[in-house]
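Next, two complexes with chain A in common: one pairs it with chain B, the other with chain C.
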Partner chain A sequence: MEAVDLGLWSVPLAVFAGAIRVSTPFLFVSLGECLTERSGRINLGLEGTLVFGAMSGYAVSYLTGSAWLGVLVAGLAGSLFGLLHALICNMPKVNDIALGIALMMLGTGLAFFLGKNYIQPQAPNLPAISLGSWSDLAPVRSALEINALFIIGLILVPSLIFFLNHTRWGLMLRTVGDSEDAARAIGFSVKGVRTFSTMAGGFLAGVGGSFLSLYYPGSWSEGLSSGQGITAVALVIFARWNPLYCFYASLLFGGAGALGPALQAVGITSGYYLFNAAPYILTLIIMIFSSSSTHRFAGAPGELSVTR
Partner chain B sequence: MTISARTLGAIEALFIPLLAILISMILFAVFVWIAGSSPADVFALMYKGAFGTSFSIENTLQRAAPLILAALCTALPAHLGMVIIGGEGALVIGGLSAAGIALTLPSGSSPLMIQTVMILSGMLMGGLWIGASGFLRHVRGVNETISSLLLSYIAIAILNHMVSGPLRDPSSLNKPSTRPIGDENMIGSIPGMDVHWGLVMGIIFCACAYVLMYRTTFGFSARMVGGNVRAAAMSGLPVGRLLVITCVIAGAAAGLAGAVEVAAVHGAANAPFAAGYGYTGILIAFLARQNPLAIIPVAILMAGIDASGGLLQRRLDLPDATVYVLQGIIFIVILACETLFGRFNIFQPKETA
Partner chain C sequence: MSVKNNISRRSVLRGMVGVGALGMVSSSMLVKTAMAGGTVTIGFVYVGAKDDYGYNQAHAEGAAALKSIPGVKVIEEENVAETNDVQKTLESMINLDDTKLLFPTSFGYFDPHMLKVAAKYKDLTFLHCGGLWTEGKHPANTGSYFGYIDEAQYLSGVVAGYASKTKKLGFVAAIPIPQVLRNINSFTLGAQSVDPSITTQVIFTGGWSEPVKEAEATNSLIDQGVDVVTCHVDGPKVIVETAEKRGIYSCGYHASQASLAPKGYLTGAEWNWAKVYTDYVTSYLKGEEIPNLVRGGLKEGVVKTSAYGPAVSAEAREHADAVKAQFMAGEFVIYKGEIKDNKGNVVIAAGQSNSQTDIALESMDYLVSGVIGDVRS
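Showing the complex of A and B:
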């Protein structure tokens, strides 16, 4: 096979491949946060959960040799953080936003503390699925190496939509999120439902974190997350608490995040750091245009504190 | 003997955070013990590293200066019911602009002039940064918690861009940095101790913030907005102006912290000058229950914990993240203890029958 120089065409290709790669953690965190916020609570601590998931997933993969076991443990660790958030928020007078910030600090601190020994060694990574074998072009083939977690995330999107809109449990979750009083009147356990949804959200955020350390960039370091967790929380608001929109938004953010490295690869290095800020600038612009000071968000869960 | 309800409230506001710190210490001791170190050794070393010698006290006070100012960045908007967590961004942008302007001033400028301009530009840029969050909150209803954090990441990206590009000192090889502002232009120490003037600036800023929030009409109006936005708007208060002005003052505090870090400690803007002070500031503000005067002692305590991290690492081979774990535990326990307010009967005023 001859080496083909794609020139500037490699930029959109790299952005496409990067969008899938970079969007995967956004996708998992935003789906998890979507579930949590639909039950009327916001967990800003998912940034810490993401970092802890990355560390624990990598450590388990290194110790056991199984990357998938790492993903599972990262998810379980994430759901423990979710449980902690839920239990403390279940007590009266506790502010869920502030507690999220506290958990962000604790999760990051614990990950750095426990992760010191795993910065050097190489752990087995997650597999990728090649969808590009039809092409002769090496860049196209490498762009179509789709990671397995992205595909799981892809399956998760319709599953969550079905869960929220067509199951009894989904209805219960939405009721709790829209009106505590109505949920109590029916006899639902408000605290129980929120505990479940925060734990589930934490699980997904932990899995999203394990992607960072086990696939891309593919190793554990302290600078691994640069705010993907918190950006994903903002993204849920922009996605109007709809899992399908979360998916689109994640791809958009992934593309924005991939722009800097893609340009760097073709030699445009000036402004590299500014391009790295693209997802944050994009989030901010989108929030400015999609928010309103006079109307509540369409589709916002009624009990959610951030939108009040 | 009857104690007034106000005094009882103050005692309660002191007792519950102290209880929370005690609980956090116990939890941290368990954590350290599980991690294989002796809690007694860790606490002894932390005390030594924070307040044990005159050197460590000076080191602690030196770190307290930016923390006091960063905490104000969260505490002031909190009086209006806003949760601002972007102090780090204001600090970074303030420090960067201070360094940038110091390097563009003509070389013959007097040090005092350079320092004044640095401080003003740091405060201005920090004020604009957090002011933007307040403005967006008022005009577009954008959640200020998230927007301020996003602005932080943007500020850090701008810092990285400037110090590795346009403002880069060619002689800084591995650690990109701006050119130094020059030793003669740096802010000096308080006479008699090895602590720079930033500490005094922080304390003055806190005192002014306290007077502003609790002794002026502006502060009264601001706290009314925090109590009930609709009621405040109905009674004709300029809610938007109050929000934006408070955010600008808060951002100016954090921007000043950044400018002082550059002008008194690092002598140039570079990646490590921010050092997460903005994030610790959030914790301090909550621990101090958003009271500007309470911020001073709490910031000194947290600065001590921060300062002892290095000693723990050298002596007990504990990771420097140990202090983050302690800070995280304190933060969570403090918030969980909010639920205790009003639960203790001894703190409730006696009904006069």
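Showing the complex of A and C:
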């Protein structure tokens, strides 16, 4: 490997590479939560689902030797958590937020408990697709090692938009999310639709978790998630319940997360706590500028408990 | 409230019987522990998972070595945060398991948590890893132990100095505390003993266990042309794996990560807590006085180095082995003047020599010349 000094150019490169590497779990969880919230329910438990997905994906990949099977199992485990959330929320007078917090703890705790034996072993990781073979620069080649899950996430974005806006099922989901009364009047099963969308959201969150353990950083440990799941839930509000904005917001968060280490690597060494906090400062600023005391969030589903 | 009236004489009586039974249970338990006599329970508290390929695993391996000593029962709790949680854990180990000797192993457990609990239970012994026990300031039933792992880091630096072609080394560190800075400095000085032009680029992640940031830091370092990376974080697994994936060399820390990087793993700085814990417990069982401050390096067997990986040249082995022999003889001094920090100030004057046991080194607050990084956050 020849060394090429990119100097300060390596910062934007690292932010770009980081945006792709770090953003994938944000992308999957926020797309999943977007779907769930569009049906009128908030599942705060996705942090637990993410951690459980990371653990189960890693364990299955280790036991079977197939990383993709791990991703599938992580997704299925995620949808089971979604099903649990939905079934309990379907009962009268259940607060979806409180339940979400409970499920967050359950998911994390179960993952730690069952994952004890999988901290040590090395499981097969997901393959990456090399798009940088045209470049002689090792950093560029490495930045363009794109994981297949990111590409799947990329395809999911327009698919979800199409699903929500141009299909009968999407319309049903949005109706349930915007007005329970209207949905009932048409004869839609409100509980059924919400159960489906929470399960689908859980599936995506589980897959997002498996990305953490199976690709980047690429191994299961109890400190693996530093709140990516809960951040992604917040991203959905920030992204105005629009899958395309979810994608942008995830990229932004991924890139901001890569900024701290990248700046230190080129020798800008002071203020790293501040740079490490960049994603959160960014969220605060955008939230402050986009909030309003007079009208509710544009695009917010009408039945969502936090905006109702 | 009507609830009050619901307490009938019968339920009161039933309650009293229950309390009586409990009393009987507890008294019989007391008898039981008294009868067991020789068995002493020793408690270990870890900040993370005890199989993390790192800090906690090193301690857990040490604790496991105690299990073979007759009359010793080891209890452990993992994932205990450096907050009031650790006080609760210590209290429950004391009150529920009758633990006599406690090892809270994480840096942040010492002050105020362990000190508080120790002041309450004066007849028990508390030994902390990493803290600096000071006579008069800290209770007599507490103590601290630590190893001069920077000796092993110096040797890693020597090996890294030979392996590096770009003359740029990388160091992923958690937080700029003296122990971490000392490791960074010793690693760099070791490498510079091979080639004075070598630099070490440091990235602080801001936390002991931040897998995503550690991976990101390692990638950033590699993008800058770093070709040997080492670290001081709780779980080096992610860093060593990332280095191996990107095809560069790595030096391990805490425990051996050789199996994670069969091609690029050079050597590593490892703890040998089994020795420290066995010594402590043997003298405790004999009823000897336990020293309040225990320190030791390669010579005392508190730290060790990983076996050399396949990429280490014969020349590097020879050099590192020669320095190691000097450490074993107690003759080698890493911090020998003149040493300048990376801002150009002289931190150790010419002719001055701070040997390993020098307490001044335990409050290190600078990075030596050749390290690219900043102690201030």
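The working rule: the second predicted complex is superposed on the first by the 297 of 308 C-alpha atoms of A that agree within 3 Å, B and C clash if a C-alpha of one lies under 4 Å from a C-alpha of the other, contacts with A are read in each partner's own complex, and residues count from 1 in each chain.
To be clear about the criterion, a residue touches a chain if its C-beta (ideal position, glycine included) is under 8 Å from a C-beta of that chain, and two chains touch if they have at least 3 such contacts.
Just so we're clear, the structure is a prediction, and the values are computed from it rather than from any experiment.
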#### Entry: Superposition on chain A - do chain B and chain C clash or fit
clash
### Query
So, does A:T36 touch the first partner chain B, the second partner chain C, both, or neither?
neither
### Task
Tell me which partner A:S250 touches in the superposition: chain B (first), chain C (second), both or neither.
neither
#### Entry: Partner chain(s) touched by A:K116 [first = chain B, second = chain C, both, neither]
both
### Message
With both complexes superposed on chain A, which partner does A:S23 reach: first (chain B), second (chain C), both or neither?
### Response
neither
### Message
Between chain B and chain C, whom does A:Y273 touch in the aligned arrangement: first, second, both, or neither?
### Response
both
### Task
Between 109-117, 253-261, 271-279 or 325-333, work out which stretch of chain C sticks into chain B after superposition.
109-117
### Message
Does any part of chain A touch chain B in one structure and chain C in the other, and if so which residues?
### Response
112, 116, 226, 270-273, 276
#### Entry: Touching residues on chain B, where the partner in the complex is chain A
35, 83, 85, 136, 138-143, 145-147, 149-151, 153-154, 157-158, 160-161, 164-165, 279, 282-283, 286, 319-325, 327-329, 331-332, 334-336, 338-339, 341
### Message
Which residues of chain A touch chain C once you look at their complex with the stated criterion?
### Response
1, 3-6, 10, 13-14, 17-18, 21-22, 112, 116, 119-120, 122, 138-139, 142-143, 212, 216-219, 221-224, 226, 228, 257-258, 260-262, 264-267, 269-273, 276
### Query
In the complex of these two chains, what residues of chain C are touching chain A?
48-49, 51-53, 79, 165-166, 168, 201-207, 209-217, 219-225, 227, 234-235, 237-238, 241-242, 245-248, 260, 372-374, 376-377
### Message
Under the definition above, what is the set of chain A residues touching chain B in their complex?
### Response
44, 84, 88, 91-95, 97-99, 101-103, 105-110, 112-113, 116, 226-227, 230-231, 233-234, 237, 270-274, 276-277, 280-281, 283-284, 287-288, 291-294, 306-307
